[in-house]
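Chain nomenclature is as follows: A, B, C and D, assigned in order of appearance, with residue numbering initiated at 1 for each chain independently.
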Amino acid sequence: MLVRKIETIVVESHHTKSFYFKGGFHADPGQFVMVWIPGVDEIPMGLSTIGENMGITVHRVGEATEKMHALKEGEKIGIRGPYGKGFDILGRKLLVVAGGTGIASLMPAVETAVEQGRDVQVAIGALTKDELLFAERVRKAGAKIEIATDDGSEGFEGFVSNLAEELLSNENYDQILTCGPEAMMKKVIEHGMNHKIRTQVSLERFMRCGIGVCGSCAFDGLRICRDGPVFDGEEVYGKGDFDTYRRDPSGKRIPLLPDV
Amino acid sequence: MLVRKIETIVVESHHTKSFYFKGGFHADPGQFVMVWIPGVDEIPMGLSTIGENMGITVHRVGEATEKMHALKEGEKIGIRGPYGKGFDILGRKLLVVAGGTGIASLMPAVETAVEQGRDVQVAIGALTKDELLFAERVRKAGAKIEIATDDGSEGFEGFVSNLAEELLSNENYDQILTCGPEAMMKKVIEHGMNHKIRTQVSLERFMRCGIGVCGSCAFDGLRICRDGPVFDGEEVYGKGDFDTYRRDPSGKRIPLLPDV
Amino acid sequence: MVDLQTSVGELKLKNPTMLASGILGETGELLMRVAESGAGAVVTKSIGLEPREGHPNPTVIEFEFGLLNAVGLANPGIEDFREQFQIAKKGEVPVIGSIFGKGAGEFVDLATKMEDYGASAVELNLSCPHAEGLGQEIGAEPKNVELITKEVKGSVSIPVFPKLTPNVKDIVALADAASKGGADAVVAINSVRAMAISPETKMPILANKIGGLSGTAIRPIGVRCVYEIWREVSIPIIGVGGISSGMDALQYLMAGASAVQIGSGVWIGGPGVFSNVCKEIEEFLEENGHKSVKEVIGAAHSC
Amino acid sequence: MVDLQTSVGELKLKNPTMLASGILGETGELLMRVAESGAGAVVTKSIGLEPREGHPNPTVIEFEFGLLNAVGLANPGIEDFREQFQIAKKGEVPVIGSIFGKGAGEFVDLATKMEDYGASAVELNLSCPHAEGLGQEIGAEPKNVELITKEVKGSVSIPVFPKLTPNVKDIVALADAASKGGADAVVAINSVRAMAISPETKMPILANKIGGLSGTAIRPIGVRCVYEIWREVSIPIIGVGGISSGMDALQYLMAGASAVQIGSGVWIGGPGVFSNVCKEIEEFLEENGHKSVKEVIGAAHSC
């Protein structure tokens, strides 16, 4: 377990903050870490920034993320990782489709792909303008950006998956990378299949070990933490758990709520 | 613990045999291994050959070496190591002084030094002609050889330390390497000091761990297994244990018998 | 060709490797995947009567030499597990149901259910080192091991394997008690009570503070336990603790284990660890002139 | 500047690191060398009444994660050891005499001699895992620990430190017994009963078959033992097991140890391990705003 001081905290939106710390390890775009909030919990978080300074971007949804939000610069967190299989960054033209906090896990892929000289089109979706994350950072990275808000307060009015469908109809892409609610990703995979484009999706399930032994993150016969969290869209599309079931900490299979 | 098949056994004299096995590890000239004779004992042995095929040369003196001599090609021994600090091979002209089985631990140094283009003069001593070891191998390596036998049955009549003194008076050497009875090595160190030449000596004491933790091989404040077995002559010359005391398996300090 | 088939009492195995309890054993699909990856049998996560969330995170941390865990017997409860069990059986190797309870009555209820579900054997977790009132808190006493084994034996007809804790002065006494209770085999060992502190935060890392050490670090402890049990107790032994290679498994087999389980070995080796271990055992046996893995079981005792 | 001084009961130490018994502790000169290399105190090899050759070789083997040994309490006997002790004292740090015996009478005789020789304290080896009729075969029973401690306390005036075995269900009961017997501190832990088999020869590697596991692998076990003892027993604790860095030592200190011992850490780190560990502790304390090492003793219990 690495223990790191929080060097910088950035408020990204009313419910989301980024936390930066010195990594000291290599990570691939799409990998995650287990973040220990001492005395509270340990939770998985995608790396939203990789490099000498590592960053995670935390959406406040419950106790652990709440306590995380209450931490100050200089306080300590534990880090295990990086874990999992990240995105394969391939192809000349990439479409990146992010729903909500999903953009956090996608940012390193966006930045890496642009640095490698690829054409990157990002579609970010949020409920409303104020909850949009990293739009500026996407622009600064040199990627093209389109925005969708459910309430139309900025950009395209509607789901980002619909926006993605529009983009796919207008241009040819080689790869799609997506992270967000599974209902949204399911649509994106379908659009990808219609256009015969491979989609890579990043999934989330309850995790304990993060290293593929405890089985808590089971998703059909896959372990999200080790076989994923990034999977080929076609691989997960057919699975019974996709967009349907998750497991609670007891291992019980329960319905996946639409907004988780 | 590596377990190795004995590939070849060579009878070197009526009380000495060499055993060859596939090493699979790197060793420096002068290093030793702990040899496990399954069901019998584990004893330290200098490596008499280093390289892809490793060799040890065993003088039959007691139970373990007797059992070792009874082993056949194809039988298995355990190997831990290589351990310890070997010889520093330095200087243009080297004098190598070997008493009895001492030549075994010196052979890799002789061969390495010649390969490195150094001038090597070897002086081998034995009680009698039939107990001379590796004379042919020294010649084949391309080193010069002088022989001393206590009974005069071959070469110089007398102790090899006297032969060494003669060689030192006739030529200039940069380094002396020696292995054999401590009384002999003590003389060699003295001759070296008289000629202002550094002597490196290889020592033996009762060993258990071979890795510097158990303390069984204590020699004043040194551990033969880890700080040695090769030491600077001047470093050990002043020590109370040198040529005087050894320790038995209980750790008791007891007189060093002249021929051990 | 070397024959890797072995048996643990009446339970026949196509090879001597099994998945250890608590590793990928909570869901049917993962059990099936492990079976398809080459394990000779799979053991389920330890299941109790009711759903249980286990200890809060952190629950698992890794060292260079093993894992420390305090999952705390999280499980969906025996009722919910029925469906998972049916899926697991599709893997076409024996599925062994691991169970835990507060006393003989709970063990009996759970064992009966497992038999019902089609378990090939039932493993009694009398050894979890980090769950209050459960596991080793019961199973460190020989008389409890004997009693619970006897009660379970009296109520099911599938083989019964008590799993023993190494966190005692004398694991042989536990094995002996299991044998007296009628156990068909014993499983040794569960993880070793241990903990880790993070100096930077001045806190134990596991939320439960204390957990169980598993993996390479405990292999010499597990081998010793199996060796000691074999000398004194005549029922078969299933060896577990720190196995990740064929040579590791062979140490256990030669110490006296009729089969082995692999848990933490899945961490580095993935589900492929079972077929790799089998391949290495096979190569070793071939090179050393053996026709069957059975020839080396207990071999380290003949010297 | 951080103050590394600590004390174990009345025994004052310039820093919290000590040499563990059985490592380089058989001869005066090596004890002196370790003292001069920076250890805050040195513990002698365990000494008995008579010279003892110990078990035959192989007695020590190494793993990536620690050592397995069955030296078998080889020692030159208390009479012969007098001279070594006098040499050891030249190292100018406290020399603690470790002793083993078959019962209270032998322990008393040995302790009296050690006091005579000038020992700063006496450590009772009630925990060697591989010597028949000695060590843990006596010391796994709380009542023996209490009795032997009491008898030794009654006959010497130097501090008495029983060294405890982790190979029990409940090490706290042993510490409690030591405390009741009047111990000034307890030392935890001795090595963990373990073994290794060489598949190629089908034999246990150690001549004694069973030995004790030490080094990195057992650190989480030792930390757990110290943590458990601290919660229940109020006498000071000396922590030992798998320490080779400052962070390792800090885990023990925070678990409740007033000082630590290093044994197998000498394998990789050499005698320089003591000053390295001290330097690392010092740096850690400095960075974390502590003035004295005493501030972190038991710190992991406040959460």
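Everything below uses one rule, namely that a contact is a pair of C-beta atoms (placed from the backbone, for glycine too) under 8 Å apart; a residue touches a chain by one contact, two chains touch by 3 or more.
Since the model is a prediction, treat every value here as computed from it, not as a measurement.
Under the touch definition stated at the top, chain C and chain D share no contacting partner at all. Think of each touching pair as a link: the shortest run of links from chain B to chain C has 2 of them.
The chain with its Cα centroid farthest from the Cα centroid of chain B is A. The distance from the centre of chain A to the centre of chain D, each centre being the mean of the chain's C-alpha atoms, comes to 50 Å. Centroid to centroid, with C-alpha atoms defining each point, chain B and chain D lie 36 Å apart.
Work out the mean CA point of chain A and of chain B, and you get 65 Å between them. In chain B, the residues touching two or more other chains are 38-39.
Within chain D, the positions touching two or more other chains are listed as 196, 200, 203, 303. Contact topology of the protein chains: linear, an open path with no closing contact. Each chain pair that touches appears in this list: A-C, B-D, C-D. Against chain A, the residues of chain C that register as touching in their complex are 22-27, 29-30, 32-33, 45, 51-54, 56-62, 67, 69, 71, 74-77, 80, 196, 198, 200-201, 203, 205, 207, 263-264, 266-267, 270. Listed in rising order, the residues of chain A touching chain C in the complex are 1, 3, 34, 36, 38-39, 41-43, 76, 78, 80, 208-216, 218, 220-221, 223, 226, 247-253.
Contacts from chain C toward chain D in the complex involve residues 63-66, 68, 136, 140, 167-169, 192-197, 199-200, 202-204, 209-210, 213, 216-218, 220-221, 223-224, 227-228, 247, 250-251, 254-255, 284, 288, 296, 299-300, 302-303.
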